[in-house]
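Here's a structure for you.
Going by the order they are written in, the chains are A, B, C and D; count residues from 1 in each one.
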């Protein structure tokens, strides 16, 4: 296995953190994640840019995914340079120094039972 | 970052706006969206054609996604040239003047708790 | 728009029709669909082969998707050459005479509120 | 039909088996599956490597998907070389001796009604 699996540029067009939640936190907090898999033998230096409908992009948000590790990044936790507003449409572009794989997931617990969505993100070639 | 991320032609085969809803509107209204990310430095002129099972396609629906912005387009809101009927199978082709990324999402609140689905749309090469 | 959008061969690895349902039928019947979009100016002659975990494949199931139409095919309704058993793991390969786009969706209403999943199917190149 | 459909290397970045369940088991047990379709005329020898956020990868897990069969592999059932911990972020790489198609699905029944997510996995080229 070479471990060089994935792409260096990814996009998630559907970003939205629901503004309310039902059920015990932190497990049932409404949230969105970008799950990053770095199967390669080198650390991945990752930069995320957040896009909005009505204002300039914000970023980059920077993080490292260690070699041969996965990081399930919760957008709710991003703080620097600014938190992601709740109940607001956004999107993002994710750029990495080495190929990674990205999957996007939302848990929406606004109603009594949670709902889930997930998709592999869009890999730019 | 060049910002030229995505494809100029996209398709969503699974279109269906549930005809009823449970919970407070507008948040919990059953709806479908095409989330469009234009990461490029140019505005995207977008045309959408709606396909049905038993009649000729309708369109184009026209909109602009500004440079370096996202637009989460709600199919429920389309009016010109005609609204999308509820409880009806449809599909669509989305064409853009510059590369964009498209993700398809449905919130179905016909029953007491909402359900969600999402997938990156099909990018024609 | 050329209308030649998609692939002539598609696969869905995750097939499963839940064996029970909650809520009013037919709308809330647990079901699976393959949503087929034929944006081309020619009719699509489609053949579906169903794969199982423990027996030989069954098929082909044959249908036509008219030019510039969509068909949201419900696996529950397939009868010839044999119905799809409920509560059973399956998968399928979909082959078309012209390029089409395929999206896979399940509505699972075994519990009090329905759950949904959807993904663009795998397009063989 | 050649039956050589898919890729020999796949990745799932979003792995998480919820630690609790609501409703009758085994049907409503919270679980994750990798649905593998081997449409080819040869058996597929498959190796799975599991990645974590904070420790070295574990594997390979080995299984065979017979020629022209599907296998809906439940991550909850993996035992050798070690079970997958519940309530823990993971990811995986799936490698096969012949082309296969992989779709990832989770059933989350932590709350009163189950939620579902699914996506075709990432196919490395």
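Rule of thumb we're sticking to: contacts are C-beta pairs under 8 Å (C-beta built on N, C-alpha and C of every residue); 3 or more make two chains touch, one makes a residue touch a chain.
Since the structure is predicted, the reported quantities are computational estimates derived from the model, not experimental observations.
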Exercise for review: For copies subunit B and subunit C, work out whether under half or over half of the interface numbers are shared, and give different or same accordingly.
Suggested key: different
Check your understanding: Same interface as A-B shows up in which of A-C, B-D or B-C, over half of contact pairs matched?
Key -> B-C
**Study point:** subunit B and subunit D, separation of their C-alpha mean positions in angstrom
**Key:** 30
Exercise for review: Please work out the Cα centroid separation of subunit A and subunit D, and write it as a whole number of Å.
Suggested key: 21
Review point. What are the residues of subunit B that contact at least two other chains?
Key: 112-120
Practice item. Give every residue of subunit A touching subunit D within the complex, in rising order. Key: 1, 5-6, 23, 27-28, 33, 35-37, 39, 68-72, 100-103, 105, 107, 109, 112-120, 123
Revision key, fill the gap. Subunit A contacts subunit B in the complex at 9, 11-16, 49, 51-54, 56-57, 89-91, 93, 95, 104, 106, 108, 110-122, 124
Practice item. Quick one: which bits of subunit D touch subunit B in the complex? Just the residue numbers, please. Key: 112-113, 115, 119
